[in-house]
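Shared chain: subunit A. Partners: subunit B in the first complex, subunit C in the second.
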Partner chain A sequence: MAPIIQTINLTKKFGDFVAVDHLNLSIEEGEIFGLLGPNGAGKTTTLMMITTVIKPTEGTAIVGGHDVRSEPDKARNLIGIAFQEPKLLWVDKVIDVLNWHAKICGLSKSERKVRVKWALEEIDLWDARNKTIHSLSGGMRKRVEVAKLLIQRPKIAIIDEPTAQIDVVGKHRIWNMIRALRDEGSTIILATNELNEADVLSDRIAIMHRGKLLVCDTPKNLKDSIPGGDIVEVKLEKELPEKTLRAVKELDEVVNLVKVKPNHIRFHLNRSETVTPKIMEIFWRNNAPVLSIRISEPSLDDVFLHYTGLTIEEAERLTPRAKKP
Partner chain B sequence: MKKVLLVVERDVKRFLRYRFLLIMRALWFIVQIALFGLIASRMVVIENYFQYYAAGVSIIILYSTAMFVSYDIYEEAEHGVIDYLLSLPLSRRELVLGRSIASGIRSFMYVGPLMAIVLFLIGVTNPLNLAIALFSLFIFSFGVSGFAITLAVAIKSEDRFDILMGVLDALIVRISTTLYPRTFIQQANTFYGLISNFNPLTFAADLFRWGAGIEKYLTFSNPLIPIMAIIIFSSFFALIGIVVYEKRLEGGGWQ
Partner chain C sequence: MKAIIYIIERDFKRFFRYRWWLVGLISMNLADLFIMALVYTKMVRSEILASYFRFFSPGITITALFAAAFMIGREVNWEVRRDYASYLLSLPIKRWELAFGRVLSGGLRGMVYMAPLLLTTFVFLGSPTIFQLFIILSALFLIAIGTSSLSISIAASITSFEKFVTARGVVYYLLFFCSTVFYPINLMEQLKEQGVLPPFMVDLARNNPLSCGADLIRSFLLNSPEFTPYLIINLVAYAFIFVVLGALTYVKMLQRTR
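Our next item is the complex of A and B:
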């Protein structure tokens, strides 16, 4: 099946500054696609081009079979977006904003009533429905942005940093709503700089850095793609004989091995879930009783580090910014 | 078409919230007529200048109310709402058309009662003419709205727009027949006279006076000329508005 969204050398320049640089992505129908990258990586700019809010400098995106350059109206009809910064008039009331949004998205009167009420309850703003945007907190405004998507249920739902400014409880609720939206049939694109968020939600993740795509795969494959990314720490009752150590080293998946203490070994390896039993068996055969094992998987931070040589925090500090006039 | 109407609904509702501004402008209008108009008419040689002036001021306020849509656009730019509107399942054509129509309607809704007062003072003789004139004036305010949208997105800076509007208001109003008949403009300077012949405010003021039965100092003896001119003016700016809106806003934000 053809991907529902495909970007082809998608590029955006602001003056001389290249915010998005020949990006090639393909997003499948029905998936939650995470766009992960540090501040200034070009995530929002990419999403704005896909939603036809801004025009690409070069390249294009095909959305549901429609080129955003030649058929922007058709592409736009498939899309709904919850912006990173809530884009709302401060004097408007929450309920008015959502009602009008529902209307312009083509909901019938009866559908609208039900869905607006439901969405307001879902995001916990029913009691605040008659407040003006001005009088809401930052997190509440952000939730109004998300509510628009819940009401619209677009074929392609784009969410830019869905949980920035939102508390922990709210975060999980929004994650669940995103999953529910997907289960209803929407394809989701999610931009975030939170590793955990991308990890728990996405079917696939594209990591962006300085406008370029670094890598794109499932969270699991991304983590597995780091050689020796899994870490297994084993503590033993007594010191391990050299012979046993050598036998373990010979396993293909073991990339590196550090003797922290005579009876404490740290293995860097791949696919820990299948290798660890093998290691245990070797220890067992060589009569080396194990006291404790701790397995830790690499995080997406490690993945990012692997591909850029930088942690996300470092990348955010070092990413060049376009000069704003 | 349904979406255009929804855009209209949004903008008209929004207008009603500018209560303070609306009250102040109405006061301005009343002051212009009740003070300036009354006093100036004693000083001016042309016959029934008070009526002539009242009709002209109605056109000025209609024009400036239609221009007001620019401030909506600046407010939206400030809050990023422009991006929201651009992301909706709605074509640029529907969006700009809806906004121009809304702005035309709201100008009319607002200036309508004021015009009614003026018409009452003048005393209408030919209701059919008046109906035609009012319809043309609606088209006029729709065109001015398209002009305002074009200017706002082309300039993109509220400060500059404000300054430009000051100059433009002076120019557009002064070189038109809103305040004085064309013969005087022509006498002062033939070039001014020439420009005033092509000024939409001249057409609008002429039509309103024609509809209200103040026929003595009309620029064009045939009302079809200003009607046609207004239709051309309005279609031109509605179209330009759509093109400029797309070109200027989709390059990447407001700056």
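Our next item is the complex of A and C:
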């Protein structure tokens, strides 16, 4: 099946500054696709090109079979977007914002009535429906922004930094809304610089840095791609004989082995879930009883560090920004 | 087409949200007419103008229309500065629907705002025939959409509010004072010959769409100046040029400033 979105050498320059550099991505229908990277990585610019808000300098994106350069109207018809900074007029009432959005997206009067009420209840703002945007908290405004998508139910829903500056409860509420949207049949593109968010929500993640795509895969494969990324710490009743250690070292997935104490070994492994049982079997056969095991997986921060040599915070600090035209 | 109606609906709601402010503005326009123009009637020599009040009534109608239709620019400029324009550009509607929706809503808001002043003019200067009314309303509509387009093209091209306000001031003063809204062209011609007014000012006044609009109403209601087809041609050209320019600039500039 053809991907629902494909970017082909998608590039955007602002003067001499290259915000997005020959980006090639394929997004499948029905997936939650995470676009991960520090601020200034080019995520928002990429989304703006896909939504036809800005034109690419070079390359193109095919959205639902429509080229954003030659058929922008058709491409835009498939897309809805929740912006990083909610795009709301402060003097408007919440219900008026959503009603108008529903109208302009082509919902009939009866559909509008049902969906706006449902969305307001989903975002827990039904009681605040007649309040002006001005009187809402930052989190509430963000929920109104995402509610536009819940009402529109676009084929492709783009959500830019959905939980930036949102408290934990609000985050989980928005995450549930994103999952609900996917369950309704939308393909989701989620741009975020929050590693945990990308990890928890995304089926696949593309990591961007300085306008370029570094890597794209499932969160699990990305973590597995770090050699020796999984760490297993084993405490034994007694010191491990050299023969047993050698047998463990011979396993392909064992990248490194550190003797913390005579009876405390730290293994750096690939695919810990498949190799740990094999190690335990070797210990059992060599009569080395295990007291405790602790397994820790690499995080996406480790993945980012592996591909860039920088933590996401360092990358954010060192990323050059475009001057606003 | 539905999208255009929804855009107009939105812009109208925004405009009439501050209805008491609008009432205040219209009251000021009426005060210009009923206080200033009445006093000027006593001040101006009758061989220049028989009644300044009757002369100025169509003029204030046109300036009110112009000012109200120009207000859309302030909103567009705000949308550009606050990046609200990205939301409008991302909506599942065609670009021309968005652009013409904004142009039309700006123009129609001007028409609604101007209505009490036009009615006042009819009350004091006499009612036009149905045909004349049709021509007058059509002419005013052309001025309204031309002005809202002019305003939108300026607003979308300038990202600084300060520069926008300055540009708006320049346009206002140029079009208001180099026109026949406040004074008759004959007087301007005399002052040009005396070297008081520079020639370009009189030429601009003669070809200014605001002059044409005011003179068109005067020609029907006061029989002076004489009606000429040029008045209509001028307004059609003004509306056509600026609607096309405004709509194109709006979309192009919004996309460029992202």
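The rule is simple: the second predicted complex is superposed on the first by the 323 of 325 C-alpha atoms of A that agree within 3 Å, B and C clash if a C-alpha of one lies under 4 Å from a C-alpha of the other, contacts with A are read in each partner's own complex, and residues count from 1 in each chain.
One rule holds in what follows: contacts are C-beta pairs under 8 Å (C-beta built on N, C-alpha and C of every residue); 3 or more make two chains touch, one makes a residue touch a chain.
Treat the numbers as computed from the prediction; the structure is a model and nothing was measured.
Engineer: Given the alignment on subunit A, is it a clash or a fit between subunit B and subunit C?
Structural biologist: By the criteria stated at the top, subunit C and subunit B clash after superposition.
Engineer: Once the shared chain is lined up, is A:Trp284 touching subunit B (first), subunit C (second), both, or neither of them?
Structural biologist: After superposing on A, A:Trp284 lies clear of both subunit B and subunit C.
Engineer: For A:Asp73, select first, second, both or neither according to whether it touches subunit B, subunit C, the two together, or no partner.
Structural biologist: Both subunit B and subunit C are touched by A:Asp73.
Engineer: Go through the superposed model and pick first if A:Glu85 touches only subunit B, second if only subunit C, both, or neither.
Structural biologist: both
Engineer: Is A:Phe17 in contact with subunit B, with subunit C, with both, or with neither (first, second, both, neither)?
Structural biologist: Touch partners of A:Phe17: none, neither subunit B nor subunit C.
Engineer: Let me test your reading of the model: by the given contact rule, A:Val53 touches which partner, first (subunit B), second (subunit C), both or neither?
Structural biologist: Touch status of A:Val53: both partners.
Engineer: Have a look at where A:Trp100 lands relative to subunit B and subunit C in the superposition and call it first, second, both or neither.
Structural biologist: Both subunit B and subunit C are touched by A:Trp100.
Engineer: Just to be sure I follow: which residues of subunit A are touched by subunit B in one complex and then by subunit C in the other one?
Structural biologist: Residues 48, 51-55, 73, 76-77, 79-81, 83, 85, 87, 89, 91, 96, 100, 103-106, 325 of subunit A touch both subunit B and subunit C.
Engineer: Which residues, counting only subunit B, touch subunit A once they are in their complex?
Structural biologist: 3, 6-7, 9-10, 13-14, 17, 75-76, 79-81, 83-84, 86-91, 250-253, 255
Engineer: Within their complex, state which residues of subunit A touch subunit B.
Structural biologist: These residues of subunit A touch subunit B: 12, 14, 45, 48, 51-55, 73, 76-77, 79-81, 83, 85, 87-91, 96, 100, 103-106, 324-325.
Engineer: Spell out the residues on subunit C that touch subunit A in their complex, using ranges where they run on.
Structural biologist: Subunit C residues touching subunit A: 2-3, 6-7, 9-10, 13-14, 17, 83-84, 86-87, 89-95, 255-258.
Engineer: Tell me, which parts of subunit A touch subunit C in their complex?
Structural biologist: So the residues of subunit A touching subunit C come out as 48, 51-55, 72-73, 76-81, 83, 85, 87, 89, 91, 96, 100, 103-106, 154, 325.
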